[in-house]
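Right after this note come the structures.
Same chain, two partners: chain A is paired with chain B first, then with chain C.
Let's turn to the complex of A and B:
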């Protein structure tokens, strides 16, 4: 039996005070993960004495451009990411990935902050956010700290957030000129599916048509989403006309297996992740060719 | 266990309630407010039977705690009818035989209503996307889509 008291914070300070004073507090916003876990009595749930609702803290719901960054409040919903013109125009990778999440009802309620803090290995927003080099701002009563998202993730369903901290901002540097992005997802069906595998690619193609600064992040492939330096190195420096895409696929799947070891799902995931990276690179090359 | 006081609107009427920490919107609607049109299917946001409109957007009432709703506006299937007259969408469901066992119907109606509130003339693809979170185990999807198309023209 999961037993807790319900608390609601109308402002950030109130929420931070609750987190400072009380123990075993679980934060709820959209509730699309935590209420499912409560309903299913999931073993993933920690001991909860208090459920702290932050969904009505208006100051945590924003999307704005500040210099060369897009700043997103943790309460922005997946629908918000899909429809907000700033995200659609400047970070199409993120609005595209948001589109694939759950169903209309889930997207209307689930938040970017929840997707990050739940830290599911299959989270659809984590690979694109890592590939975009997003940073997270964590606020506690007496200050704040900023971590790269990749550093923030600590394991499947685990992050480095402290018990007195709240995720208050996601900060994404805008990819400069010449950057291309792509998102691939495979689920058991189109709607309402948890990713069997997904993949985010962010890469620069320079004036000589050479790949630079590749960031390749698969989801559901490793215990938690992380970039793959081996395959990134293999892509960097290659010409878009001469790159051996099949070879990149092979390197990608080898690198994934080197992280996970051979598992029951490896015979499926190995060829599929190879195909996904090939598809993504082909899309990126097609997009670049369209612009010429 | 504490009770939370919460004030919000349901079908255009203000309600003042005391709710328990685990009380979900679907529990409040069905048990406290006796609005039993909204159905509970899976309880985990997969079937869409419990769909209501919250602040203009389709949501699962099984995945919201009522304590979270201070100041919100909820529209349920009971709120579609105005002055005893069914919403054109409800009439279209009848006319197109879009109801078989009827269990999914309130959720289907609310997902469709939310779509039409934002986009009065959706394409067939947009209708399908709006309904992707609603399951009909009688599999009467064709008639449901046809009904929505008939009012979207």
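Let's turn to the complex of A and C:
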């Protein structure tokens, strides 16, 4: 059994003060990961003396558009991402991915901030957020800093957050005109299913029908979600009519294996990640053709 | 015949208290001075226990008692073979073996005290594969036994070699199935109360089979049966799973209760439940089949090896049902079947809905499709060519002459409703179609012996007590396990008596009141329990009619009871209301209570030959699965299941459909995703985050088709439904997937990896 004291902060300053003053504090919002880890005495759980509940800090729960960015508060739940019109309209990739998470109950409690800070290799929001070039704002008592999400992630279940910092904002640049997105997920059942593999694709198709600025991020494929420059390069500059999609699939799976090495799951994941990237690109091309 | 109470979808009698949350389950119960107990389980799948140091745990605050094996009066129990340990004594034989149990003022204190018990183990090599265990020089799981064999059943009919010689085609195939967790939604829970109402011990709990629990506890305590009282609570699912594991829990709680003289409550967490409770047997099966060019079956040779795990538990009977039914419902002159169970150091295996048939049906029905493929025949056609009909002789030599053998009917009805023939042709040329998404349709059929058969004594009792105001109490020695037995038996009692079912209240099973009717297993609740209830009602009715005949100076058989009135059959004139009649009988000093007893018709079995009449009647079913397979990822989507089941007579069609829906879902889990994974005896997925069962979102469209051919031995013709619904689904799905992909998978479950690659993967590496 794990002993800890439970703290509840009603404002950001109070939370930051706790983080500054106390040691071995673990932040809890929805609790869908941490409560399970505490219950299971998970090895992933650091030594904790305090659980700091931030779920009552109203100022961390927002979704708004600021210039060319959508800004999302860390306390926004997966259900919030699914249903908020701004996200649905401007970032359909994100609301689509949120749809696949857990169950209704988990989506009602689990938050985007928690999904990011837990940094699971199978997290459903991380590939789309990375592909969307999301940035995270980390606040501490005396200031704040901003990192790209990809930079923020440091390993499986590891991030670069400091012990006195709190994730206070997720900032997503709006993809401009001509951008298309797609999300693919394979699980073992239709709900309450941890991704066996997932994939987020964000790509621009220009007036000449040429792929530009491809961002291809698989989940559950690499030790932690990351974009794959090799396959992105292979896509960029190709015409949507002439691209050899099977070849892209092959490059994708080889790049994934070059990151992970041959593992017990490779015989399955290698062909399937190829299938997923091919499907995603086909979807994107179909969508583009529909718009013409 | 027109029915008034049965054959109707009346509300379940326990629905209101369950949906309003008023129903009390064992974990809801509380008694004054109650203590909480927790079990320390093994660290290794196989080890010698050198020493158990309990001093520190005993002095932990709030700890009131601590037991190890030496505190248990008689440490070994079992329904068939008494070799299951209440607590591990010298050896732990599997990872779920209990070593010590602590009672404390709080559950938390009990759990903390467990951490203070120091066990000095000597880890031993174990045996984790039943085929390995079968070898002559194999390490013995139980050193005192001469080998690892739990049981061997055989069946011989004709000469199988003659059959193969005459065959134009012979196929030999190997199939295997996995460990399955019952996944009842309510984990095990018990409260044991000492010295209560003249009983040494009273046990409340989530117990599927109160009488086997009573037997086990009395035997462990070494006291007579009448000192042990089991009162069954509402039960949150069981599916065969709350038998021996509950007996062990009840025995531990009882010894603690007597030692502390205080009530003891024990509730397992899900993790504890999956770790300790027995599972469905994994089978390894070798099938050889011979047939003529025209598809007539000429010989079948079968070998099944079941993993019994650490204890014998129900393996002898589970593998017996397999030996009887392993050929499936096909006429064959030449059959040679052997089924075996072997001890290993895996988690032990026991009863689970289906009981030795989902495994063999998966093999036999896959094989029939493979044979159809080789002969270029339609799978339905090859089945129709070989199935049992009225007066067919089964593999065990039984002539099916006392009930309607309705296989053809269930196949045709399911085929028609699912559009089987058309779809089969449509999906046939999948290969030439573009895209990764392929559809397939597949069928599986079964015959299933109702009730226990030659396993054990097959009889059941009931008490019907008419109160002086005309209300009625009934009780039965068979248990409500969530399947709807209370409702169905209340309907049967009311129908037979000619009164409204609202008069009837069904009492909870209490072993000190209810007649020992054996276990509520083998889909025998309705057929055995219903007959016993009917028998009691017939006695009371006869007594009432006799009294009325005297009073009205009429012939007894001219009076009937209908719609709560005693009626002159000829003139249809109401003579007296049921209440007035009962009141009169009470005034006259007549006995308004009756006991009913029903003993199943005679059966026989020759262990030497596997010939006889193993069951007194059978049910028949056909399920047809339609799937969509993503051949790019291995994902199988079960779109639709059409399930036709002959139940004899539907006492409550709504409850019956509920059984079909649930059975199809469990069959789907068995076929597509469920697998308790073990690694050298360690359980790798001991919680629902990793042990995956289907969710409501995975539920396919299910079309239940109730087929009714009343059975002369069933109450109003009713037979069985619980198990038949589960046993054939996985086979039907596997056949549909094979059609969709053109590839045959012979190992369950058909998970992503198997469907894509043909083999499964796990952290240990590649599996079959």
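As a working rule, the second predicted complex is superposed on the first by the 292 of 292 C-alpha atoms of A that agree within 3 Å, B and C clash if a C-alpha of one lies under 4 Å from a C-alpha of the other, contacts with A are read in each partner's own complex, and residues count from 1 in each chain.
The rule is short, and it goes like this: a residue touches a chain if its C-beta (ideal position, glycine included) is under 8 Å from a C-beta of that chain, and two chains touch if they have at least 3 such contacts.
Since the model is a prediction, treat every value here as computed from it, not as a measurement.
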Of chain C and chain B, partner touching more chain A residues: B
Chain B versus chain C as contact partner of A:36, first or second or both or neither: both
Which of chain B and chain C A:186 touches, first, second, both or neither: second
Contacts of A:8 with chain B and chain C, given as first, second, both or neither: first
Chain B versus chain C as contact partner of A:259, first or second or both or neither: neither
Chain B versus chain C as contact partner of A:108, first or second or both or neither: first
A:45 touches, of chain B and chain C: first, second, both or neither? neither
Partner chain(s) touched by A:163 [first = chain B, second = chain C, both, neither]: neither
First, second, both or neither for A:174, with chain B first and chain C second: neither
Partner chain in contact with A:56 - chain B first, chain C second, else both or neither: first
Where chain A meets both chain C and chain B, residue numbers: 36, 103, 190-192
Interface residues, chain A side, partner chain C - complex: 1, 36, 103, 186, 188-194, 196-197, 264-265, 267-268, 271-272, 275-276, 279
Residue ranges of chain C touching chain A (in the complex, touch as defined): 108, 111-112, 436, 632-635, 673, 689, 692, 694-698, 751-753, 756-757, 761-766
Chain B-touching residues of chain A, taken from the complex the two chains share: 3-6, 8, 28, 30-32, 35-36, 38-40, 51, 53, 55-56, 79, 102-106, 108-109, 190-192
Chain A-facing residues of chain B, complex: 1-2, 4, 20-22, 24, 43-46, 48, 51, 54, 57-60, 62-65, 67-68, 70-71, 111, 114, 129-130, 132-134
